[in-house]
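In what follows, chain A forms one complex with chain B and a second complex with chain C.
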Partner chain A sequence: MLTIKKYSYISPQHAYPLPPHLKAAMAGGIDMGKLYRSLAIDYPKFFKMDTLSKLGFLAAELLTAGEEKGEAEAMNDRSVVCFNKSASLEADIAYSKTIQKENFFPSPSLFVYTLPSIVTGEIAIRHKLRGETSFYVSPEWNAELLVDTVRQIFAAGASQSVIAAWIECEPDSFEAFMMLIGNYAEGLPLSAENANELISDFRIHNIF
Partner chain B sequence: MDELILELKHEIIKALNLEEISPADIGDDDPLFGDGLGLDSIDALELIVLMEKNYGVKLTDPSQGRDIFRSVRIMAEYIQAHRTK
Partner chain C sequence: MISWIGDSIVSPSGFTSAENYEAAKARRSAIAPHAGDGLAEPYHAAVINKEALAAAFEQRCGSPAGLTPLEQAAILSVAQATEGTGINPASPKVLFVFSSTKGNIHLLDAEADSYDRNKLYLWHTASLIARRFGNPNEPVVVSNACISGACAQIAAMRMIEAGRYEWAVVTGADMASRFVVSGFQSLKALADGQCRPFDANRAGLNLGEAAATIIYGKAKGKAESAKSISLRAGSIRNDANHISGPSRTAEGAFLALNDILKHADKKDIAFVCSHGTATPYNDRMETIALQRAGLDRIPTNSLKGSFGHTLGAAGTLESIISKWALTEGLALGTCGFEEPAQDCALPVAAHNIASGGSCFVKMLSGFGGSNAALLFAKSEED
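Up next is the complex of A and B:
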């Protein structure tokens, strides 16, 4: 049976799961650079990423923290499927600012992030995942669509585990809700109801 | 030349978002790519843009970058010889 084994969540106010020693440090709100440094990650490319990719990168770090090597046997074919509503809008705006002047100099490093699917690639590269990567744009969080898409990946026999996420970045806000799904003996059964309940716990009930 | 090398280090750090790196971490003769700063092909494009934007140096053949970006010192020497601003 497919289950949601683990999940992570990041918003401007909260991050989950956080190691106990970081909870106090993050009490004032989530700054992605600060969270990166607090997690003692050595991945300098993080600072070159756009906000969407940084958010996805950090959510995946929180999700997979503590995953043992034996436990990661399925990682080789693990897939990454993400959804949001604004695609890469923030990177698009940043890039468009570099091409508005008369003698403009377009920025190659901003341009590469003007596709939302780049975040799935960044996660796959970081964790050496070789499964399917895909990114879908949806008007709003849609648990049914997410669960259907994940089930299709498993039905195709493409992967033994899937990282599935809602990763949304707007100019003044952000939200990442990421789940690790597979045929695990533990976790919540995979269903739209359970996915909705989990994200509601963070969004509405503020459970951290 | 030393002044230009230091200025270039600051500009490279800023343009490439090398937030964990300070100018002192970049040796004048350290390779920028491969084992050095570990820059990638997108960074090379960003350096080409930096040279044109800040110094008016236009690389008509991007493959020239392979030689010019071997180190900050070589980059500075090339800029010194070809700069238009």
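Up next is the complex of A and C:
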């Protein structure tokens, strides 16, 4: 049976799960650079990423912390599927500022992030995942679409596990809710109800 | 597996599938020089004449007022593709699937208060198209870099196979905006003249504009499928290597080919329609993938020399052209290919060749390390 084995969440107020020693340090709110440094990761490319990729990268770090490494075969068949509302609009606006007619210096390093699916690639590179990577856009969080899509990825037969996420960046806010889904003995059964309940716990009930 | 029911292409080569197929078959190219207003340099691209598009739209669909060229092209392609299929696009059993990398991104060039800001959202564009045909479902919107048009077809296949819908209207659309052209210029990825896929002198890609729609339905029973073509399998795989460069070992493209080859006998494959952007890296990577998958003795072509790289439309547009070619028993020649490249040891089709196989493979690769492969097949009785 497909289950949601683990999940992570990041918003301007909260990050979950955090190791106990970081909870006090993050109590004042989530700054992505600060969160990156507190996780003691050595991955300098992080600082070149746009906000969407940073957010997805960090959510995937929190999601997979403590997971057994070295299962190369299983990682070859782990997929990443992300959803959001604004695609890469924040990166689009940042790039468009470099092509103003009066001040035309197009930035290739900003341009490469003007595709929402880059975040799925960043996660795949970091964790050496050679499964499917996909990005879908919908007007709001849609648990039914996400669960349908994940079930269909498993039905296609090439994936052992799937990282599935809602990951949205707006000028004054951001939110990542990421789940690790597979045929596991542990975790919550995969369903739209359970996915809705989990994200509501974070959004409304503030359970961390 | 899902059955192919109808199709339509709107591109600078023509506003119907038939015109576009004839252009590709004649190895005509729509790629032309453009001045590059508001850009650092001129560029070559396949650009739709917007006045001609608006006129064609008006004739078929009514007033184009308030619709962007991308929306006009997408709606026109859907209207033409559904025509004569007997499928009612307003039915709740029909799912609209939309594929685009940048949608209406050209609007970022306009004054902020001069347009509806919702038009910057891909889901808004997709809803506008679906609503235009009275469809009640929320469209599925794929934005997966340059493989989007393949992913949209795979999404349609999965939704139909899962029994969620009976039919899918799959549309890919993108335009060569100043945003996109300047970005590819800044990456030094554009060719100085016309692109030359798999050629010894290949030196970059050309961008292209298009909207291309395919209508799919549930796999038909054997009796009714005498002449139909099916999308039999599709796979998406990541290189896990680099966000803007392909893997040196073609890892993702090879894995995607490997996945779909479980559903075909290699001897039945008539041709491979590669991504074939004509950048040095892409074409070499695809060569390695085809060699590793054991497909390097099957004719390979690229359609980029005719249409340019149409980004989110490439997957649907090039599948349509290839489907028409398979139906006619041809592997189309590669516009722009003259001198074989040493690092692309493949039987690249320079001219149209007769081909008796019953299947073709479509490959795509994109930024973010993404790769896709699709397997199309004639029904078994053919």
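One rule holds in what follows: the second predicted complex is superposed on the first by the 202 of 208 C-alpha atoms of A that agree within 3 Å, B and C clash if a C-alpha of one lies under 4 Å from a C-alpha of the other, contacts with A are read in each partner's own complex, and residues count from 1 in each chain.
Quick note on the criterion: a contact is a pair of C-beta atoms (placed from the backbone, for glycine too) under 8 Å apart; a residue touches a chain by one contact, two chains touch by 3 or more.
This structure is a prediction, so every number in the text was calculated from the model and none was measured.
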{"item": "First, second, both or neither for A:Asp92, with chain B first and chain C second", "value": "second"}
{"item": "Which superposed partner A:Phe47 touches (first chain B, second chain C, both, neither)", "value": "first"}
{"item": "Which superposed partner A:Gly33 touches (first chain B, second chain C, both, neither)", "value": "first"}
{"item": "Touched partner set for A:Gly131, first chain B, second chain C, both or neither", "value": "second"}
{"item": "Which of chain B and chain C A:Pro106 touches, first, second, both or neither", "value": "both"}
{"item": "A:Gly187 touches, of chain B and chain C: first, second, both or neither?", "value": "neither"}
{"item": "Partner chain(s) touched by A:Glu122 [first = chain B, second = chain C, both, neither]", "value": "second"}
{"item": "Chain A residues touched by each partner, larger count belonging to chain B or chain C", "value": "C"}
{"item": "First (chain B), second (chain C), both or neither touched by A:Leu145", "value": "second"}
{"item": "Intersection of the chain A residues that touch chain B with those that touch chain C", "value": "106-108, 112"}
{"item": "Chain A residues within the chain C interface of the complex", "value": "76, 80, 85-87, 89, 92-93, 95-96, 99, 101, 104, 106-108, 111-112, 114-118, 120-122, 124-125, 127-139, 142, 145, 148-149, 151-153, 155-156, 158"}
{"item": "Complex contacts: residues of chain A adjacent to chain B", "value": "33, 44, 47-48, 105-109, 112"}
{"item": "Partner chain A, residues of chain C touching it in the complex", "value": "38-40, 101-103, 105, 108-109, 120-124, 126-127, 138, 140-145, 151, 154-155, 158-159, 161-162, 164, 178-179, 182-183, 185-187, 235-244, 251-252, 255, 259, 366-370"}
{"item": "For the chain B and chain A complex, residues of the former touching the latter", "value": "15-21, 38, 42-43, 45-46, 49, 52-53"}
